[in-house]
Amino acid sequence: MVELYTGDLEIEKICGKWYKWSLDKNFGAMVSFIGTVREEKGIEGLSFDVYEPILQEWFASWQKKAKERGAVIKMAHSIGNVAVHSSSFIAAVFSPKRRVALELIDEFVEDFKANAPIWKYDLKNGERIYARDRSQKISGSGILNSL
Amino acid sequence: MVELYTGDLEIEKICGKWYKWSLDKNFGAMVSFIGTVREEKGIEGLSFDVYEPILQEWFASWQKKAKERGAVIKMAHSIGNVAVHSSSFIAAVFSPKRRVALELIDEFVEDFKANAPIWKYDLKNGERIYARDRSQKISGSGILNSL
Amino acid sequence: MVRVEFLGPIGKAPIEVEAKSLKDVAKELQKDPELKKWLEECAVAVNDKLVNTLDIELKSGDKISLLPPVCGG
Amino acid sequence: MVRVEFLGPIGKAPIEVEAKSLKDVAKELQKDPELKKWLEECAVAVNDKLVNTLDIELKSGDKISLLPPVCGG
């Protein structure tokens, strides 16, 4: 299950919890990715909408892929506002083999960016502005316009 | 500089310190790799010798490569004995761009395995046995035998 | 009646539509000029499963979701 | 005299060798049958810089290091 939190992520707490969980599982490698809000274009922060039913299903399909390679994936994401220089996303892959962990984190993060049902907004002067130009169409988009 | 510690690494402390350091540097992505000693073949743990002068120079050359891509690398490693289910290695890449971070951590960890001057021993029945079969020749090996 | 939900930035309240297939839903939504730009860009889920075709029969109570372009992380 | 150090698992104390080049060092080390297997596998550093050739002149006080196969992490 994806862990969802309102506001920014307490990275040290989440990461510490996952690390401790992993220690007696005999994984040799843990690779983690942390996403932190950058200060740019005068934004105060970012804000996120998440559609949980499809997100959890998307994540479950990745967990299945990971399991087939002897690995486990964990992920946490923010809902709502996250200030500049705070973190909104963390994912980690645990695996007996380092190659599997390094390859999976890359594939997982790229697919997350392309297909996870999460919408991003810039926070500017208190307004919430959809980050359309940085967003990607989910595969299969446009069918409602195809008649 | 590589951070070297006697015995196993306090991962949460090191990782927390690096994460806090990074927050106001405007990196969007932090990708980290943690290596933990697996229980296998009845070992009690692993032990490491490190040759620091060449290790630091090797690391400095990677820091230079990272800098050219707008990134920073950090690394810590154990010296001496590390028990099963404890960690001996952590590396992290910080970058404004996620692709740079994901690619650099992979290249860095693979080159680390192939060329960092660190020697690994199995700890078995209190003995220290060189892990020759898992070790790799540094590039350029064998020249002393080439006359 | 099926329920149509507009996720994320579309910012439109859910509507109920009379439809026997996803094609019927598409026809209905195309009548709304404000939705025009979203229809081009949105993925579609039926009962929280993403679908790739309009050839899907619907029954009363089904949930259709429109998912605009995403950007997590 | 140059100093030759045997790193990691070689487990041999450093020695002093009379040598004007790395080639001289190689000839000297090849006389020791116990080093034979290590010479095939070891990389070589002169004053902590890895080198790829024996065509290197040495001066008194230089440090030669033998680095056997590595496995960090």
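Which chain is which? They are A, B, C and D, in the order written, and residues in each are numbered from 1.
Assume contacts are C-beta pairs under 8 Å (C-beta built on N, C-alpha and C of every residue); 3 or more make two chains touch, one makes a residue touch a chain.
This structure is a prediction, so every number in the text was calculated from the model and none was measured.
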Label of the chain whose CA centroid is most distant from the centroid of chain A: D
Separation of mean Cα positions, chain C and chain B [Å, integer]: 49
Distance from chain D to chain C - Cα centre to Cα centre, in angstrom: 72
Averaged-CA centre spacing for the pair chain D and chain B, given as whole angstrom: 25
Sequence positions of chain A contacting 2 or more other chains: 35, 98, 109, 113
Residues within chain D bordering two or more other chains: 73
Pairs of chains in contact (touch as defined earlier), listed by label: A-B, A-C, B-D
Complex interface listing, chain A residues touching chain B: 11-12, 15-16, 19, 22-24, 26-40, 85-86, 96, 98, 101-102, 105-106, 109, 113
Interface residues, chain C side, partner chain A - complex: 7-9, 23, 25-27, 29-30, 36, 39-45, 48-54, 65-73
Chain D-touching residues of chain B, taken from the complex the two chains share: 35, 48-51, 53-54, 57, 77, 88-89, 109, 112-121, 130-132, 134-147
